[in-house]
Structure formats: C-alpha cells, structure tokens
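Shared between the two complexes below is chain A, which has chain B as its partner in the first and chain C in the second.
Let's turn to the complex of A and B:
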C-alpha cells in the first residue's frame, strides 16, 4: 500500500512540476504547481509528518500560490501580450542534457549505496503538531524568533516596494 | 521493493532538477519564481526523509523554516515583479537588460 501511494504521489508531483515549467500561460503553470504541492503534502504524510503535510497545503498550496495567482491576474489582464518566448530546441537540449546526466548519476549512485531501508518509525516519532511545536519552542526558539523577524522584514519590504513613488516617506 | 530513503532522495533530486531546468529555460519571470518554489519543495522532501531515518524531528523544524523563507521570497519577488511591470510593461527577462547596455 505504501509503495502504491508513494509512486502515485511522487509521479503526480513530478509530472505536474514538469507541466508547470512547460506550460505556455502563467495561470496554468500556477494551477499545475498547486497540484504538485498538494501531492507533496501526500509525500510528507507518507514520511510520518502529518503536521508538515497540513502546513504544505495551508502555506504553499494556499497562501503562496494564491499570492502568485493574484499577481498573475493583475499583470496578465488585457494589457500583457502573449508571452513571447524564444524557446529554441537546442537551448532546452543544452540545458536538459546535463540535468538528465546529473539525474542518472545520482540515481545510480544512490541505488548503490546501502541506505535503502528506513528504521521503522516508532509511533512516538511521528511529526505531529504537538511534538514539532515542543521542539520548535524549546531547542529552536532562537531560530523561531529570527524567522519571524525575516517574515516581518519581508512584509515591510513588500509594502515599501508596492507603494507609489510619491507615497514613500523619504521622497 | 520496499520504499526507502533512496526513493525519496531520487524524488527530491528530480524535483530540484525540474526546478533548475525551469529557471534556466523559461523567460517569463513569474514561471522562474515558480521553478524556485519547486526547487525548495525538493529540498523539503530531503529534510523530511532524513528526519524519519534518524527518528529526530529537527528536520521538520528546518522544513518549517524553509516554508517561511519561501513565503518571504515569494512576497518580495512578486513585489519586485509588480514594480518592474509598472516601469517596463513586461515580465520577460530577455527584455530587462538595461544594466547590460
């Protein structure tokens, strides 16, 4: 069962990621990416990380992708012409061939190494919200506070960038 | 064959490579930002997989940090894009070469 679910989630996640980078319009790319992130949540659930699975859907598929879609709708209204892209085949091959070579090397290297079996995840190591929060607010308290400062700075930066020139206080 | 660490690492490497190819080949900067999110997602899978192997939840905390960084990156990146669009009426990176000339 786990095998089936892994291949289902992994295949859909990778397939829709490929659709994201190959679709012509930005809107369909964003919708494929949402689907990819929902399947990533399934992969997290298989990795005994239910809290991360829920956060993946809430933050990535919910918040971040909605932000993307808003910006796409704002920019790609009637004004934006169809995407003019020079997508020459040799360029894609030039970049895809090294990527494929790296992938093949990694796969052969990884499948030779003996790290194939998980230690059986005991029930008390599943990443529920309670256990992750305990770790986050004890051992990683400083990192937790710092990351909230990063988010605060990002909010202020986005606000400052989004305002009109004459509204800025230093103008 | 049972699903092990290797499968998850291969999945993560493939996700990272898909994102890398996306950043390198696409010229629409919105889709380039999405490719960066794909790469971050691949990294998150590695953290969660090793967290399970070691039976230590520290990896999950790192994934949480990654979520926050991805959110900050998306917010700032999209704000910059909106500003560029206001000034130049395009989001195609091939047409943004003022510094090059």
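Let's turn to the complex of A and C:
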C-alpha cells in the first residue's frame, strides 16, 4: 500500500512538474505547480514527516502560490483560451532526451553502487512537530535566528522598494 | 478491517452532519432573516400540504438546480471554469477529517475514538486546508473571463490572505496553554474546571483570542460583514456570477459547508468541543440511572406539549385555507405524539438500572449531542450577524485586518507566552 501510494504521489508530482514547465499560460503553469507541491506533501507524509507535509501545503501551496497566482492574474488579467498554440513536439524531445538520458544513467549508477547507502534510517517520530522544534530551537538556534533576521531585512527592503520615492522618510 | 469499517462510518457521520446541515442552514437563513426583518419568510412550497414552516423550500431549490440547464458562457477558460466549483466544494469538506465530534464510543470492550483522523498536527492541517480554499474562488473568477467575477476573486484572495494571519496568530495562545497541536488534546484539556467551578474553555482562558478567531472565521468564510467578494450591489454577485445549474449549487453548498466548518472550529477550539460543562464523562456514567429517565421524561413532556398545541390548532383552524394545507397541524401533531409515545415506551426497558455498557454509550451520545448543539448555535450566530450588521467598506476591511487585528493578536500571543513561561 505504501509503495503504491509513493509511486502515485511521486508520479503525479513529476507529471505536474512537467506540465508546469510545458504549459503556455502562466496561470495553468502556476496551478500545475500547486498540484506538484501538494503531491510533494503526500510524499513527505509517507516518509513519516507529517509536520513537514503540512508546512509544505501551508506555506508553499497555500501562501506563496496564492501570491504568485494573485500577481500573475493581476498583471495578465483575464485571458482568452483562444491563444493556445501548438507545441512543437520535436523541440521538447531534443531538449528532454539528453536530460532524461543523464537522469537514467545517474539512477542506474546509483542503484548499482548501493542506493540504500543514501537512505538514513530515521525513527518514526523524527518528523513530528516536537522533534523539529527541539532541533530548531536548540541545536540550530543561531542559524534559525539568523534566517529570521535575513527575512525581516528582506521584508523591510521589499517595503522600501515598493513605496513611491516621495513617501520615503529620508526624502 | 474493523478500522476500515469504523473510519468509513465516521466519515459518513461527518458528511451527513455537514451536508444535512446545509439545507437546514439555507432555511434558517431565509426564515431567520424574515424574523429579524419582521417578515413571514418562505411558506409556499409544500408536499401534500405539508410545509414544515418553509423547510420544504430547500428541497424545491435542489430539484430546480438539478434540472436547470447548465449554461456555459462563450469565452470562459473551459478547464478551470469546470474545475473551480469542485475545488471549492472539495476543500470545504476536507477539514472535517480532524474535528473530534465525541470522546470515544465503547462497543464490545473496544474504544473507538470519535474523530476521523487524529493527526498530531491537526490544527496546522486546518490552517493549511483553509489556505487552499482561496484557489477555487480565484480560479472561478479568473476563468469566468468577466470583470465582476475577476474583481470578486481578487477581493476574496486579498481578504483571505490578510485574515489568515490573524486567524493563525489568534490560535497560538491556545496552543501555548494546551501544549499540543492535536485537536483531541485541546478538546480534552477544555474538560477541566478552573478553581472548581469555571469550565476551562478556550473562551475563558483566551477571550481575546476567541474574539479574534471568530472575526477571522467570518472573514475567511466571506460572510457579512466581510462579504465584499460577493457584494451584490457593486459586483452583481462576485466570483460565481457566470455559473449556473449544479455548478452554481456547488458554490452555494460550499459556502454553507464552510460555515458549518467554521462553527465546528469555533466550538472545538474555544467552546469545549464535545465537553458538557460540569458533567464530565465519569459523572454521566455514574448517574446514568437518573439522567437517562430524566432525559426521557423531558423529551416526552416537550413532544407532548408541542403535539397538544398542534392538535389544538388543527381543531381551531379547521378550514383556514380550504385546501391540503389544513391537514398540516394534524400531521405535525401526530408526529410529535408518536415521539412522546416513543419516549414513554422507553421506560419499558427500565432505564433506571442501565448497565455500564449502556451508560457509556449514553454518555457518548450526550457528548456528540453537545457538540452538534454547539455547532448549530454558532451556525445560527453566522446567520444572526449577517442580518444585523451592514457590509464593511474595502479600506475599512483592510484596516481592521492589518492595523487592528494583527497587532492585538501579536500582543495576545506575547502576553500569553510570558504568562505560560512564568507559571
């Protein structure tokens, strides 16, 4: 059952990722990306990391992509479906085939050299909110606080850039 | 296998509660607005003369919407236009999975927890699903290719983003006190008493948080006074203006399903969930021999009085209408008389010496009843507020969200954190 679910989520995630980069309209690309994020959350949940799964939906699929869609729709406005163009399949193949070949080579090389070496056996409770909080607020406290400050600076910078010149306090 | 069956039954119970409450709420909205505005309200639709005070109208609505033509405007974006109502309805139903509607049900020595999925990140799941709720609305507004719908969707998105923050922050204080993200833990923690007489409900220990949360829920469900995305007077009716038939019905049902979920969340987080104040499970089970006959007598009395009133009316207003509607009081009187007889017949089972098994089931039923009662009350609160308060202006809405609610929620969180750290 778990294997089946893993392949289901992973397949849907990859499929919608492909749809994201290949769709013409920016809005459909964004919607496919959201679907991809939701499926990534499914994979996280299967890996016994429920906290990460929920945060994936809450932050990426919920908050960030809403703003993406918001901006895309604001700038683009209502779009007619008539402008859809025929995709040239051979171009996709030309670009995609080498990438796929590299990926398949890598995977086969990894599986021959013992893929299990990369998988770290994590206890079932490793992904819960308590464990994550414990690590974040003890061992990685400094990094966590530094990231918070960077984000704060970024927010203030964005606000300063977004305002009109004459509104700035030093003008 | 047992797990599968019980989970399925719990899902069915939740779905029946939600989808069953939707037509009742539509009725309550119409009849309640009529009551508040001093009108009579819906009273025309009838089945063989039985009108049930307008409760037949939602059934007529459903029939109408099912058989209406599904008009699709020419220039919509086909895929997203069709997808949007499903997304809205799907997201509206998702949250029910984590809401505990009772403590546990003990059958044959097995304890079944009365929650579909007891996630240890339950409250985050609720917030995550709430943040997904925007997509259906945005898709509908954009795909309709209509300026009114688009404006409605834009308003809805910005409103939901703004109030999501206050909603999340207003719960944080509660989480600090109960030290858990699991909804069942939060509800169980609210069963205690403070100083021996005050129920430890969320609203008692976090009054500011409760007020902020209820306000934010009103904004998240797009209800008046925050129903700017629909704004009939300026946007026709916002994001679902281009929808018809069952697609429109899905939007309409999702709106009320969201309302039920909002009410269930308020009841769960701040009003004790399935807890009955001063009547803990132990007390109910210990006194089931007195409480059960008492409940039966009260039910029999209530049903008997109502039945008598209906029979009196059926005699007094024998030929009021001169058609099938004259049968209604007699019919309703009979229904209530049967209820009364049923409660009295319950005494044949000797409810005063119930076994521990039946006492446990009785306690569970009482708790589930308390939860449903709270949900129904908060649903009525939504209706009540809608017909009492006027709509905000857009700048007032944004000011309230960002400049008033957000600082208060932050201050509440900091004060609660200091309080918890000191004690």
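Before moving on, here are some points about what is shown:
Note that the second predicted complex is superposed on the first by the 134 of 171 C-alpha atoms of A that agree within 3 Å, B and C clash if a C-alpha of one lies under 4 Å from a C-alpha of the other, contacts with A are read in each partner's own complex, and residues count from 1 in each chain.
Definition applied: a residue touches a chain if its C-beta (ideal position, glycine included) is under 8 Å from a C-beta of that chain, and two chains touch if they have at least 3 such contacts.
Only a predicted model underlies this, so the values are computations on that prediction, with no experimental measurement involved.
After overlaying the two complexes on the shared chain, residue contacts for A:151 are found with chain B alone; chain C is out of touch. Look at A:34: by the touch rule set out above, it reaches chain C but stays clear of chain B. Legend: residue contacts after superposition of the two complexes on their common chain; A:74 is shown touching both chain B and chain C.
Between chain B and chain C, it is B that contacts the larger number of residues in chain A. Within the superposed three-chain model, A:51 lies in touch with chain B and with chain C [touch as defined at top]. Once chain A of one complex is fitted onto chain A of the other, the partner contacts of A:129 are limited to chain C, with no touch recorded for chain B.
Once chain A of one complex is fitted onto chain A of the other, the partner contacts of A:62 are limited to chain C, with no touch recorded for chain B.
Counting contacts as defined above, chain A residues 51, 55, 63, 67, 74, 79-80 meet chain B in one complex and chain C in the other.
For chain A in complex with chain B, the residues that touch the partner chain are 2-3, 6, 10, 13-14, 17-18, 20-21, 26, 29-30, 33, 36-37, 40, 43-44, 46-49, 51-52, 55-56, 59-60, 63-64, 67-68, 71-72, 74-75, 79-80, 83-87, 91-92, 95-96, 99, 102-103, 106-107, 110-111, 113, 115-119, 121-122, 125, 127, 131-132, 135-136, 139-140, 143, 147-148, 150-151, 153-155, 157-158, 161-162. Those residues of chain A whose C-beta lies close enough to touch chain C in the complex are 27-28, 31, 34, 50-51, 54-55, 57-58, 61-63, 66-67, 69-70, 73-74, 77-81, 128-129.
The touching residues of chain B, counted against chain A in their complex, run 1-11, 13-15, 17-22, 24-28, 30-31, 33-35, 37-38, 41, 44-45, 48-49, 51-53, 55-58, 60-61, 63-65, 67-72, 74-76, 78-83, 85, 89, 91-92, 94.
On the side of chain C, the complex with chain A involves touching residues 75-80, 119-121, 124-125, 127-129, 131-132, 134-135, 138-139, 142, 144-147, 150, 153-154, 157-158, 160-161, 164, 181.
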